[in-house]
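Chain nomenclature is as follows: A, B and C, assigned in order of appearance, with residue numbering initiated at 1 for each chain independently.
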Amino acid sequence: MKASLSAPAGAARRPGKRLVSAEEARRLAARTRAGRIFAVVTFIPVVLAVALVGVLLLDTLLDTVSWQIVEPSSSTSGESFPWSAAPLGGREVIRLDLAAQGETPEDVQAFMNDPEELRLFEARGRIELMWRTEDGPFRWVVTNSRDDSVADIGLFGVNAYLSELRGELAEDVEDLDPAEGGLLGRLQGADLDGLFNRFANIGLLSSTLGEDQNLYLNPWLDLSFLTKNASRTPVVAGLKVALLGTLWVMGLVILITLPTGVGAAIYLEEYAPENRFSRLLELNIRNLAGVPSIVYGILGLYVFVRLAQIGPTILSAALTLSLLVLPVVIIAAREAIRAVPSTLRQASYGLGATKWQTVSEVVLPNAVGGIVTGVILAIARAIGETAPLLLVGAVGFIAYPPNGPFSRYTVIPSQIYNWIAENDVEFAHVASAGIIVLLALLFVLYGVAFYLRRRFERSW
Amino acid sequence: MTTPTVSTEPNTRANTHVGAKPFDLSQPSVRTAPVSDEHAVVSIKDFNLWYGNFQALHHVSLNIPKNQVTALIGASGCGKSTLLRAINRMNDLIPIVKTDGTITYEGVDLYDRAVDPVEVRRRVGMVFQKPNPFPKSVFDNVAFGPRLNAYKGDLNALVEKSLKRAALWEEVKDKLKGSGLGLSGGQQQRLCIARAMATEPDIILMDEPTSALDPMSTDRIEGLIHEIKEHYTVVIVTHNMQQAGRVSDRTAFMHLGVLIEEGPTDQIFTNPKHEMTERYVEGRFG
Amino acid sequence: MERKTPGMLGRARAVGLNKRADRRVGEAVIGTLLLLCALVSVVTTVAVVYSIAEETFQFFREVSVVEFFTSRVWTPLFENQNFGIAPLVLGTLMVTSIACVIGLPLGLGAAIYLAEFAGDRTRRTVTPILEVLAGIPTVALGYFALLFVTPVIRDLIPGVNLFNPLSAGFVMAFLILPTVTSISVDSLRAVPRSLREAGYGLGASKFELITRVVVPAALSGIIASFILAISRAIGETMIVTLASGGRPNFTFDPRQEMATMTAFIVQAGTGDQAAGSLGARSLYAVAAVLFTITLVLNILSQQVVRRFSEKYE
């Protein structure tokens, strides 16, 4: 410390002697400038961090929309229906689609009355309100896992797609049939390099379509995304299974960690005698909080899945995640308990309350805001955890929602991981939609925690 | 959890205040018109208390008369609060405290192993320096103690009676459901007194109950202390000598953990027998 | 502190001051239950150590420790098994180094700005954003690394593999940034006002004060935040699994695919090795190394923090 102070000390002695000389004024200005530059330099990381959050959100959000060229299968009509034709969507669109395929009204009615047919439809098909089709904006489309996806074009990738097509066509001009020749001419005449005409070229994109092909602007993230089961076909893949898996796991995690974590916090704050054992407990909890989450996955794999033979089930996942967030819950609950002023405890003891009466009647009611906030933040952390659950069973294709603590499961983040790992352009859109849902869930939780923190904030 | 309010520091500083002459801890306490054992509701005999290695009370003996107000005075760090908290075993909450000697209440040594400190605190109420109502409604504050005991009688009547005795009823009877923290400082302290009285104790200990209050509120509390001694025995710690003079019947002066002198309040203030007491009441130190 | 006087129990009972058996039992039961809750954490630690140690021990009965630490080939899941952890450690070090080179200075810079320059409003806006950054699930960061950062890097630098430690390290830098910033801000703000005033009193400019007085005084807290961030980077799994790939490669070229320890654990743990096979056990051996490294780093940072808190309190 002394050494570092000596330098400014030397600098300070100079100006005191007489009025500042020109050289000294220059030096002074340089020092002030250095300070200002320093402020700007340290501001850059802040900008970068904020920018990264922004770019990440924007990129993920944009990835949830893409242009698709689709060849409808024989089980869908390939037609699109105006939004106003079936404002509530659902069954009405199926009816329209069946009629468009040439079914008689009696057949349509028979289909609609047959629960087995409808179940099959729901397993394979999906009713989408596409943002844009060739026929106009906001139109219903029935898609099906048997539909062929010809091309998937990013929201801003239209020009790139067209110029690639232009290159392909130009390579073998001789073999082109007249229609394609005309297309090549149009492509060659179009301006594909402009930064701002990506939407203007949608018309050109439409004119490249084959006979049976349709062009949709597909919002991968819509309400049906939340209610569809998992699928091996991107366009009908949904988040329902993972969403329910997450709800099951998190419900159990709350049931396990809330009493245990708060109990441990009460013990450490109110009961623990001051001795080596208590210090060891504290040290242990602090160190557990720093153990990488994947290590908890190994613990879960070895102890719960194999030794206890619970298998790769919801319960294993919940137990693993509970142990993972327990230190976080304990630390948060301890802080909340410590924030209750000791004068209140004294008042309670002074009235003849026992220790537990004091804890349950005075300490906990006044710490509840902090405890709940801490638990919500811990849950928010657990919801996003992927790695440990990959080891305890949340991996691979799970087609149906869980129905109890002992069923196989997947959760939102591991479902996202699996979609990314498919290494498929369309599954990447599905993954981004999943990420947006996950982030939205987290924002809600953070919002609630933030609200509770403000609500229970109290000045003593 | 609770930190001892006593430090070793005043030990040396107080000595320098007193003068060059070091103070002899082994002198017996000076007693004027002592209270006999049969008139005492609480009888402290040869009581010592340590915080770890620091001895905070030295061989204190004091009889506290029934239905009277006894004031404990002395410079800060003299052990008066410690002595007060010894009477309802609040010091037990500090893990490093050790005691010996006896404090007898109704013929029972409060420090005997058979005695439950929780029961002691139900019989000996306490009011603290800073008003510390629970962040609950006025009603729930007062009903806190009775509810702990699973009070069988009419809780509403008990709360009303306690609030009336604390001279707070008229001010809060329309906002019993309002938060106790919504009251003014003086009202909060009277609420705390009502809360202490609701457990129907025999003795109420007050640890500088007005030190955090404005003069008006202080005045009301002092008047209140006068009124409640009809029903309760009051022991009050105060560093304000005028207050001790105004509210108490008997006064005990302590210094460095030793009971120097005790007697009727007017005697202590007008005719102190010990030199230290005289210096203190004249405001020459402390 | 309590004494026993003959006959006192009777007298205490007579006036109702005696201890009540039911209440004492009730309190003791509750105390024990709470202690059990606290002991869950001890059981967790034991379970962590046991689950790793047991299989690691089995592993080293078949594989020599020397080979494990010196061989440069890691192919436990292939027909021709080789057990040299070096490529995995190198992969971890590569990603961590890239993350640290970017993330530590940025984190410290942001901390200095927030603690020394930022106004109240800026601080109140930026701090929650950093919290959001810290709260983004790592699978989302992995997606971002693989599908946004990697294409950009491949445009800028020729010869970069689709899976590479560069983009993983870059994104991880922003994962550890909030850790560095929040702990460093706390330690910078803990530098006592008197020390600052002394610095100003001696004629230091703000820049000189920060670089020569405040930062050196807060150095142990800053170092602790660095260590914690490194530990977090080493243990991070999803970003590297998605963006850095799964092929263990003993190379110092950051453009090549490199597997980290954590990526291997995921790979082996999600694969279909029979439990008890050498391939499955290699997972635990890698976990043992990973756990040891992060534990040492965590304890180290706590030691540093303890020294720092003693100084000013």
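Everything that follows uses one rule, which is that a contact is a pair of C-beta atoms (placed from the backbone, for glycine too) under 8 Å apart; a residue touches a chain by one contact, two chains touch by 3 or more.
Small disclaimer: the values here were computed from a predicted structure and weren't measured.
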Mapping chain-to-chain touches, which pattern fits: line, ring, star, complete or other?
complete
Most central chain, judged by mean Cα position vs. mean of all protein Cα atoms, is C
Return the chain whose centre of C-alpha atoms lies at maximal distance from the corresponding centre of subunit C.
B
Measuring centre to centre with CA averages, how many angstrom lie between subunit A and subunit C?
22
Any idea how many Å lie between the Cα centroids of subunit A and subunit B?
60
CA centroids of subunit B and subunit C: separation to the nearest Å works out as 52
Multi-chain contact residues (two or more partners), subunit C:
23
Which residue numbers or ranges of subunit B touch two or more of the other chains?
118-120, 123
Going through subunit A residue by residue, note those that touch at least 2 other chains and give them in order.
354
Under the stated contact criterion, what part of subunit A meets subunit C in this complex?
1, 4-5, 7-9, 11-13, 15, 31-32, 34-35, 38-39, 41-46, 48-50, 52-53, 55-56, 59-60, 63, 259-264, 266-268, 271-272, 281, 283-288, 290-299, 301-303, 306, 323, 326-327, 330, 354-356, 380-381, 383-387, 390-391, 395-396, 413-414, 416-417, 420-421, 428, 431-432, 435, 438-439, 442, 446
Given the complex with subunit A, which residues does subunit C contribute to the contact?
23, 26-27, 30-31, 33-42, 44-45, 47-48, 51-52, 54-55, 105-107, 109-110, 112-114, 116-118, 126, 129-133, 135-144, 146-148, 174, 177-178, 198-199, 202-213, 216-217, 228, 231-232, 234-238, 241-242, 262, 265-266, 269-270, 275, 283-284, 287, 290-291, 294-295, 297-299, 302
Subunit B partner, complex, touching residues on subunit A are 270, 273-274, 341-354, 357, 361-362, 365-366, 458
Using the touch definition from the top, list the residues of subunit B that touch subunit C in their complex.
92, 97-100, 105-116, 118-120, 123
In their shared complex, at which residues does subunit C touch subunit B?
1-5, 8-9, 11-13, 15-20, 23-24
